[in-house]
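Alright, structures below, take your time with them.
In the two complexes that follow, chain A is the common piece, with chain B as its partner first and chain C second.
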Partner chain A sequence: MNLPSEAPPSRTRWRHRRDRLATGLIAAGGIGVILAVLAIGVFLVVEVVPALAGGGLAVERLHATLTPLAWGTLKAAFWALLFALPLALGAAMHSALFMSPRLRTRLKPALELMEALPGVVIGFVAGLVLAPWVERHLAVAALLLVTLPLGALLAGALWRWLPVALRRCLPLAWAGLWLVPWLVLLGWGAVALAPPLEGLLFGGDLRAWLDAELGLHYAARNALIVGLAMGFAVLPSVYALAEEALAGVPSGLTEGAQALGATRWQALWRVVLPAAAPGLLAAVMIGAGRAVGETLIVLLASGNTALMSLSPLEGMRSLAASIAIELPEAAPGSPDYHLLLLAALALFAFTFLVNTLAELVRTRLRHRYHRLGGAP
Partner chain B sequence: MSAVRAALQRRRPRAEGAGAWLAAGCVALSLLLLGALLLLIAVRGLGHFWPASVSLVELDDGRRLAGRAVRELPLPDGEGRERLYFTGNRGLDGQVWHWLPVARIVAESRPRDLVVLERRRWGDFIGRLVAVEPAPDAVAAGAGNGATAWAQLEARLAALERLREARDTLQRETIRPLARRLEADPGDGEARRALAAATARAARLRAAMDETILVLESVDGRRLRQPLDEVLAARRPNALSTWEKLAAWMQGVWRFLSEGPSAANSAGGVWPAIFGTVLMVLVMSLLVTPFGVLAAFYLNEVAHQGRLTRLVRIAVRNLAGVPSIVYGVFGLGVFVYGLGGTLDEWFFSDALPTPTFGTGGLLWASLTLALLTLPVVIVASEEGLARIPDHQREGALALGATRLEMLGRVVLPMAVPAMLTGVILAIARAAGEVVPLMLVGVAKLAPQIPVDGDFPFLHLDRKFMHLGYHIYGAAFHGDDVQAAMPLVFATALLLVLVILVLNLTAIFLRHHVSTRHAAPSRR
Partner chain C sequence: MSGSRHLAWLLLAGLLALLATGVRAEAVGTLGAMGSDTLAGLMLRWGEELTERHPGIRLQLQASGSASAPPALTAGTVRLGPMSRPMRKAERAAFVARHGYPPVEIEVARDALTVVVHRHHPLEALDRETLDAIFSRTRRCGAQQAITRWEQLGLDELTGRIELHGRNLTSGTYGLFRQRALCGGEYRHTLNEHPGSAAVVAAVGETRSAIGYAGLNHLTASVKALALVDAEGGLHRPDPEAVRRGDYPLSRSLYLYLNLPPGEPLPGPERAFLDLVLSPAGQASVTALGFVALPEATLVSQRRRLGLAPLPHD
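On to the complex of A and B.
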């Protein structure tokens, strides 16, 4: 190492020139990369707007093609969120406030791994394993939907009557773990109980009953399956953000509420949730963005039929799935091509806006927590 | 009454209420779903390679079938059950699945002499081996002695394997170099003669391979002559001990990993898909690492920290949430049609209208995925840079370092683990991403892998196979989805394993970073 004083002046000048050059290069490269990343939106706008303005796309055609797709996208996202939000928010509440810290540090990576599961695997399992199974055992599936949430409540009710020693072994802080075998047991019970119940209530065939009594036609690949599969994919990201928001609430607030005699649940419901509400909203928004853009799960688990129906038991087709299937066949520059680019632009604009909004909300919230004196 | 109630309540702990338990149930249910999915994939994926026993079934009308029982369901009318058998023999029966009512099965046995042959065409054969032709002198042809025939078959299969190897070596080491020499200099007489000799030798080898014919018999007595060259593997599952089955299982796993697909992607291995995935991810990480790090350095170290930088940072972060299909559309529009079309016009105009770079290929797929994962790398690297305490930078500058020296010698080494985490997360994301690839260059079945001995060795314009797309293609575009299912499960297991390992590495690294950073700031 040369000390600066020993270095000849020409060398120092060379060093400084090199520094200026490198800094300039870093700046140029960085700006270039960032522009390249941001070019996506620009490209879509540049391709679509002239076609729209120049009359390359007829409005009736746009309407006829895009409406069912937009409807399908929203329907899929709706069912996915309906499934994912209660699970993710509930899990976040539990892990932020009730769970033992040791379990929490283990659980977070596990759910991160869940987020990394590729969509093609989830979609394939949903479309080729889950959908036929549910079609054959519709009553079992329906009963499971009822039993599993009730099972947790039942566990809570039973827990209070357990002997003290056993209660010590099964604390609420670890309930996320020891409830798993309990739910498996209940699920097995539901599988065993479903056929007699189906015989009793629905004449032995729930599908026929649905068709005859309610006029609902059951398609094997339907919105419920998509919702379940996509909910599974969306769940981890919603969970991570909601947990972050809930855990970030200054502990002084909770402690104050509990000192005033609130139970932990009351403190959560009345104090923590209102404080963290914007963060939860941001989590929901990010989840919605992911659900709208998810392609393969919808493609594989839905019937891929462009239907406009409210029924959750029928298939649909989404914007993203249509782009994936049709764009390779569309000739560049043709109206079809521009139509699909318009669909991509719509997806891009929607997710980008929603994410930006969520990000702003989160920044605002972090400032608020900071003001309230908690951890950032 | 109320006194009793009060007494009971005093002894019980204060209730948290229903909500707390519902919330706990949510955690349990999420874990249960994740566990169930992983378990399903693991069991079905690994079970595929287990040599399952084959049963010989006799029906009450005298029909005989040999097959592997797959599953059993109650009949639709609720009377009794029916069982699904995989019976193979597509060439004989025209179908490979048979649903049999359990009540009609008279007898079921597991004779040791049933053989299962994996063939290149027509799928599996299940039945008996009658003879191997031409028979060696010692044994009379068509003696019907299954055990002797089986021993011969095993010997012949081993011999065939040696012949194949010899042919491949000949192709690779003699014929192809000679052909290239001739191409460069057509007047080279010596090379021409050597090539003719080598070709003749290859032809002899091929003839020796075609020589052996198996005489097979299905369990209901129909005979079939099967050239041995078409047979990929043969075993007698009912005669195997557990250890032998384990050995066969491991061999099956190895063949799955090392061989190419067969029977329209519904059987065989996934080696080209593994290779394609790894190569694409490698090219992508070569592209994304320098650019992502550069952008992070610019945003965090060079740029003026003002409103604009903050907005750019938020925008970059949000791009990670933009659906991957949008990136695919961008890749198709800009890289394939835009850049690729221009490149074709400039350099490959003699090949037009057949596109060289103007169609999807390895390069465009890697570029698209690099763009897709760029936000991941930028965000992770920036987090690493932001975590480095400012006094480290100030100390370096105070000692007379220029900014470049400070960044290169102090900041970069400390930020390397965070950047590595970002790159690994990017790789994990890219390995599982299929949607953009569907638009920019993945192929269901690529005849050639993108790396070979011909200049320029790495063919960036070629289409390639990908594990995720293999799952999609085999599961949703195959002729017999039911038959392809085990293979799809195995592929899914492989993909999930790769991604899990990558993610675990990233998690471990991140943990390592957070513990390491405490040390230098205290020192």
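On to the complex of A and C.
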């Protein structure tokens, strides 16, 4: 009834004009955003370079201040990625290739919801709830950290030895569900077993034992806590991107490999992973970018100690957290202020580069899938 | 018809009454203030009381740290600058260069930094050298040896590394503690730097091996404030009397800086505000928020200097 051919010519012209207007507005918005991002960079450069060139910032002071911050940033990001990458990539592989579609449609939104959690909330919980709890129950936390990943691996090994009838009851596609009671059981076992174990092995106080025997100091706010909390924050975005890359591998490739006699596992390792590798790399880079730029979690959970230690049990101080704490009170034009702006510039350059690279890789991957005949 | 005329008369009378109250309050306007976040709660409370007394005056406060007060005063964006430390020479010089006269400094309350430990901590008092040896790596106050473990203090009940908590680099509290307690030295790198005094207290309150410093008004039941021992061996607890007298070594004054050309009388809103702040009622708010009120002699002399009416005696 309302087909375009029946519409009067004036209306078609109006519609064309509206289309062009909308396209123009969208383009203007895009260009505006790009200009805004560039303007941030230019502002930072303009503020920092004269101070650097004019000798307003002494080199040794620069070195002494910024090195621990850069170190802390990388340390926090490292522990966050160590925690998040195996979980996120493993979850992505499982949900893209093995999981039952019904479970997948329920789980994916839940994980995406996790991404919507603000960093302040995660940092608050990590700094004010998790850190004191772990400090009081260090042995329990340590045992949990060992048991849960090993338990998940053990479940996989046990599953292969199960009788066929039982295996049918616990299909791999639903592993996401039946692993939960298993891990809860293990966790409960760890909580119950930790105090007697601590008494037996470490004289009842793991913290004192670490201090006396290994000379390791346990700080309440440390890299492990930050890693756990920030890993939790980074996980959803890494998972979403990796899942997208894996699920996007043209099904023809997997089916072809399996038709030639490859097992599902072989198809995953030899065909799907190499094909999706750039996408996975992009996911990891986005995760790293987020971990480096994440501010409030580090600020609230790390203790902000400007240390240069390797120990995961000691705190650190990151560039982003320093800027957030100090900038509001730094007098504009003072050396402190220029130092902070320099830190901001370094952070900006790093995240800008990493994100741009990741986006380039993803675009190339999309073209590749397109050529291979997958979904566009 | 007569109903609407009545209404008009009523409106007119109301307008006149409004004008009359305005005239009686003598001051109408907005007071802009920018500066210390330590003083933010107190300033807001004074602002509310001010509006209660003089409905025409409103206080507009931006609490972005003491360092933001001098530039704002110099640029003339505000006339009041609350600060938790005295103005530095350079800040004062910038003000004088712009306006040709120095800003008026008004002491409005006293405060103290307390050294806090966990509420079940065995320690009761510390002397200056020990405090410095715990917090600093320079030991400028004269201690022989660095102290990093509780055993070194001869405590039997508590062993292990000392965990240090404090404020961030640009805060006035960080600078003041460094200057007074560390004899101007450098903090240890292991200092946990928190964005607020409340966070320091919370962190110390949950760890037995921790020690930190925080403003007097942030103390909670979860921590214990240590007494300080001076060079003569006198013990000073951070109680209000000792802070008011200035006996407690880490006492400090909180200030309000005012842009007022010399010889000019205070404008209405500023006069009303300072009249409140330097009155028993204003000082009661100081006490209510956990700071220490000024001695009466200081109130009287500052009121005289500012040309305010003498304190009402009752």
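The rule is simple: the second predicted complex is superposed on the first by the 324 of 376 C-alpha atoms of A that agree within 3 Å, B and C clash if a C-alpha of one lies under 4 Å from a C-alpha of the other, contacts with A are read in each partner's own complex, and residues count from 1 in each chain.
The definition used in the following text is that a contact is a pair of C-beta atoms (placed from the backbone, for glycine too) under 8 Å apart; a residue touches a chain by one contact, two chains touch by 3 or more.
None of the values given here were measured: they were computed from a predicted structure.
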| item | value |
| --- | --- |
| First, second, both or neither for A:47, with chain B first and chain C second | first |
| Touched partner set for A:175, first chain B, second chain C, both or neither | first |
| Partner chain in contact with A:68 - chain B first, chain C second, else both or neither | second |
| First (chain B), second (chain C), both or neither touched by A:37 | first |
| Touching partner for A:151 - first (chain B), second (chain C), both, neither | first |
| Comparing the two partners chain B and chain C, which touches a greater set of residues in chain A | B |
| Touching partner for A:128 - first (chain B), second (chain C), both, neither | both |
| Partner chain in contact with A:217 - chain B first, chain C second, else both or neither | second |
| Partner chain(s) touched by A:332 [first = chain B, second = chain C, both, neither] | both |
| Contact residues common to both interfaces of chain A (with chain B and with chain C) | 128, 324, 328, 332 |
| Touching residues (chain side chain A, partner chain B) in the complex | 3-4, 15-16, 18-19, 22-23, 26-27, 29-31, 33-34, 36-40, 43-44, 47, 86-91, 93-95, 98-99, 107, 109-114, 116-122, 124-125, 127-129, 136, 148-149, 151-153, 155-156, 159-161, 167, 172, 175-177, 179-180, 182-184, 204, 232, 235, 239, 263-266, 268-269, 286, 289-290, 292-296, 300, 320, 323-324, 327-328, 332, 340-341, 344, 347-348, 351-352, 355-356, 359-360 |
| Chain A-touching residues of chain C, taken from the complex the two chains share | 64-68, 70-71, 159-161, 163, 168-171, 189-195, 202-203, 206-207, 210 |
| Touching residues (chain side chain B, partner chain A) in the complex | 12-35, 37, 40-41, 73, 78, 291-292, 294-299, 301-303, 312, 314-319, 321-330, 332-334, 337, 360, 371, 374-375, 378, 400, 402-405, 407, 428-429, 431-435, 438-439, 468-469, 471-472, 475-476, 481, 485, 488, 492, 495-496, 499-500, 503-504, 507 |
| Residue ranges of chain A touching chain C (in the complex, touch as defined) | 68, 128, 132, 135, 207-208, 211, 217, 219-221, 299, 303-308, 315, 317, 324-326, 328-332, 336 |
